[in-house]
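So, here come the structures, one by one.
One chain, subunit A, appears in both complexes that follow, with subunit B as partner in the first and subunit C in the second.
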Partner chain A sequence: MEFGPFLLLALMEGLVGAAVLALTASGLSLVFGVMRVVNVAHGEFFMLGAVAAWFVSQWVPGPPAVAFAVALVVCPLIVAALAALADLAILKRLKHEPEATIVATIGLLYILQQAALTVYGPEARPVPAPFEMRLQLPWFGWSGYKLFVIGAAAAVLLGLWLMLTRTRAGLVMRATQIDRETATAFGIDVTRVHAGTFALGAALAAVAAVLIVPIQQAHYLMGGDPLLLSFIVVIIGGLGSLRGTLLAALLIGLSDGVISTFFQPTLAKIVATLLVALVLVFRPQGLFGARA
Partner chain B sequence: MLTLDAVDAGFGRALVLRGLSFRARPSEVTCVMGRNGAGKTTMLRAIMGQVPVSAGRITLDGQRIETLAPHLIPQLGVGYVPQGRRLFGSLTVAENLDIGLMTRGRGRATRDRVLDLFPRLRERLGQTAATLSGGEQQMLAIARALCLEPKVILLDEPTEGLQPSMIAAIRDTVRTLRGMGVAVVLVEQRAEAVLDLADRVAFVETGRVAEMVPAADLGPEAPQFARYVGV
Partner chain C sequence: MRMLALHLGVLAVLAAAQFLLPAYHHTNAARIMVLAVYAIGYNIAFGYTGLLSLGHALFFAAGMYATGLLVDRGGEPWLALLAGLVAGGAVAGAVGLLALRTAGPAFMIVTLMFAQAFHLAILYWGGFTGGDEGFTLSGAARRLGPLDLADPTTRYFVALALVSVAMLGTLALVRSRLGRVLVAVRENEERTRMLGYDTFRAKLLALMLSGLASGAAGSTYGLMFGYVGGSFAAIQYSILPLIWVLMGGAGTVLGPLLGTALMFYLIDLSSSVTTASQAVVGAALIGLILFAPRGILGTLRERGLRGLP
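Right after this comes the complex of A and B.
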């Protein structure tokens, strides 16, 4: 294949990664922004979304599209409920202290991982794509489902943005993010806001996982990469900045796609890590983060 | 009526309020004066549930509030304008008001009534709070608290650092609130402001109200100002 079409293919693959990464990282960014909690277990909520999607694909009869549609709705809800429970049972008791919650979410990571290993097993299992469609370009053919992943992720992110900027719930979350004590002085139940935010962050990771699992496979150790890349994206974009997170996800996703296609996936991770190092040295608050 | 009876409050063993008793009645401005560190701000924060109360009781119209979760206290009609305003700086003026309206206000009617008091804010509804002038920010802080339709409003040094025209506007607002039947608790350090506005004055010293006197009994040279405030 010539260079031009090859680059186009790399960019399209990178765009799929960027879309999924933007969803996952925006969940992590939202949780840090509103709660000041660095959620080390975020990747495990991603994994739970994928594993739950596999279970749904086994239990729901009929064509794969039906099971997929059910998974896209039910799995994020299950994961969100689990996250809200974790917040109320663990993080709330630690008063959402930043250092304590890092340790607590490391513990949560292992609990969720081992629970998945026990219930789901060590195998990597495929989940069928909801539809088979091939997009035929003059130079190569491409999966139509991947185009759907990009579109679905963009739609969810648009919905998230509208929720944050146009709804009462979004206003409450932004006020809590700015000053939780003053928010409380105006009748906002910060405990509920935190539980809701933690649930929403986990649900976004689960949506990303349900979307990607027909391309990858569900596995109990699959949470590591999304967690690492999400941290990279959130640090580059600026902790708590949704706009920064989206732009950084696009940057990292595309560079990952191009470098992985032309060179090696490992080199892509090295470049991403180098970018984080540069940002931490020259602009520690990230591209769009507020200076401390 | 807001009542504090023998309240101890602080963090752990570090008590700031020690047996503080205080009353604020509807349609009255009760000024709170005292030196830095006397416990004025802590008193307001204890009323709002932001500082733990370890002894005594705080009641609003007979209902105990110091045992409630802090977010339930504004729902009963206690508005708070903290020191330094603490606006939601990246939110617009309209969004700051909406935060106040969510809990107790009657929507558009309340907002219109509040904006009638502060017409300048009406022109800046779409502007982010952080970009307002100091005086406008203070107006917004008070307007946001009024969106709660409060029975009691706690104002912590609202004229601090403002130019004279803004100070006059805020004093007019305090008089209007008194006329509306609101119990106003005003932490203030300037004797002339207190004499101009107050119905009663509470002098706070080392975490308790040392004297509570009608403002009419105080003159510019009243010895309490020198004794408790140092002016």
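Right after this comes the complex of A and C.
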């Protein structure tokens, strides 16, 4: 293939990655913004979403599209419920203190990973795509499902945006983010807001996983990469800023796609991790965030 | 004085254990003592100075690889060991210069990212480092002058010597002027700075000492057990010292050794009952942070043993 079409393919693959990354990272960003919690177990919520999608695909009869639709609704709900439980049982009792919660979510990460290994096993398993369609471009063919992933991710993110800016729940969340004490004084049940935010963040990761799992297989160790990439995105975009997160997801997703196509993926990751460390040291508000 | 006697007593018990314990535990005990040196190093940063790092595997692996690569290419083991120590301290100094500009969660993530970059670099330049599979060290490479580290008894006493130096060193540190400044930084950095102390310098020194001990542990671990591999640079090896220190008691001299030994045997015992040893680690972390954030010796110190350093 010539360079032009090859670059186009790399960009299109990058866009799929960016869409899924934007979903996962916005969940992490939301949790950090509202609760000031760095959730190290976020990647495991992603993994649980994918594993749950595989179980749904086994249990729901009929065409793959039905199972997929069920998974898209049920898996995020299961993961959200689990996350809310974890928040109420563990994080709330630590008063969401940053250092203690990081230690606790590392513990959660180990437990979830082990649970997935025990219940689901060490194999990587594919989940059938809801539909098979091929887009034939002049130079190469592309799976129509990937286009659907981009569209679906955009739709979910738009929904999240509307929820945060237009609904009462979003207002309450933003109020808690800006000033926890004043929010409490105005009768907002901060405990419920925190549990809800943690659940929503986890659900976003699970949606991303259900979308990606027909392309990438479900595996109990699959949470590592999305976690690392989400961290990178959230930090470069500015901690807690949703707009910055989306911009950074696009940037990182696309460059990851391009760099991984033309160079070694490991080299891309080395560059990205060093970049993150340096951004945090020299521009803690992120590349797009406003000065705090 | 009583406290010095207590610590010397613990070391004497460890020395006697070599003759009392069945042979199965000798290798384990040597392993625990070397890893405890790593935990002691971690404790200087986390326990006494309040620097929660998630990237100490970088310092451990820096020491291990500096020594391992040198002896593997025919270097003199003594010099290689020294190189490992220097590597641990120097890398910690370099990371500290950058990472200490941040604090709290940002510090954890910066250290995590540096360690992650190093781990990935080991995998990427696999031709030079052996990548994920690592490499084994030959018998000649593991001979420190008259000491053959492949011999279990020698290994045990070398590990004991190392842990003694690390433990008595920490004891001296916490009783020194610098040690008190470090604790002051942990308790209230602003006020310490206001009193005229250069807190950045103090934190950097603490991190370098911590890296030095971690590098020493990594370096001897490689020589003693004859294997250098990429997994020692992975995130797990940054989490483990955190767990050991949390369990034994952060900011106590004996805590890291106690925590390392307990956790080692907890995993050892649980893996004979269940395969889910990772869940045990996870549950231990959550349980400790929820119910005993000060660890075993930290809780004892609150409940009466006031003078415990």
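As a convention for this text, the second predicted complex is superposed on the first by the 282 of 292 C-alpha atoms of A that agree within 3 Å, B and C clash if a C-alpha of one lies under 4 Å from a C-alpha of the other, contacts with A are read in each partner's own complex, and residues count from 1 in each chain.
Keep in mind that, in the parts below, a contact is a pair of C-beta atoms (placed from the backbone, for glycine too) under 8 Å apart; a residue touches a chain by one contact, two chains touch by 3 or more.
These numbers were taken from a predicted model, which means no experiment stands behind them.
Undergrad: Touch check for A:175: first (subunit B), second (subunit C), both, or neither?
TA: First partner only.
Undergrad: Is subunit A touched at more residues by subunit B or by subunit C?
TA: Subunit A has more residues touched by C than by the other partner.
Undergrad: Based on the superposed arrangement, let me know which partner A:147 touches: subunit B (first), subunit C (second), both, or neither?
TA: neither
Undergrad: Once chain A of both complexes is superposed, is A:60 in touch with subunit B (first), subunit C (second), both, or neither?
TA: In the superposition, A:60 contacts neither subunit B nor subunit C.
Undergrad: Give one of first, second, both or neither to describe whether A:185 is in contact with subunit B, with subunit C, with both, or with none.
TA: Only subunit B; A:185 stays clear of subunit C.
Undergrad: In the overlay, answer first, second, both or neither for which of subunit B and subunit C A:108 touches.
TA: The second partner, subunit C, only.
Undergrad: Identify the partner contact of A:69: answer first if only subunit B is touched, second if only subunit C is, both if each is, neither if none is.
TA: Neither partner.
Undergrad: Which residues would you name on subunit A as touching subunit B in one complex and subunit C in the other?
TA: Looking at subunit A, the two contact sets are disjoint.
Undergrad: Quick check: in the complex, which residue numbers of subunit B touch subunit A?
TA: So the residues of subunit B in touch with subunit A come to 48-50, 69-72, 74-75, 80, 82, 86, 88-91, 95, 98-100, 102-104, 144, 148.
Undergrad: Quick one: in the complex, what on subunit A touches subunit B?
TA: 168, 171-172, 174-175, 178-179, 181-190
Undergrad: Taking the touch rule as given, give the residues of subunit C at its contact with subunit A in the complex, in rising order.
TA: Residue positions touching the partner: 52, 54, 98-99, 101-102, 104-106, 108-110, 113-114, 116-117, 120-121, 123-124, 239, 242, 246, 275-276, 278-279, 281-286, 288-290, 293.
Undergrad: Which positions of subunit A touch subunit C when the two form their complex?
TA: Residues 38, 90, 93-94, 98-100, 102-104, 106-111, 113-115, 117-118, 228, 231, 235, 264, 266-267, 269-270, 273-274, 276-278, 280-282, 284 of subunit A touch subunit C in their complex.
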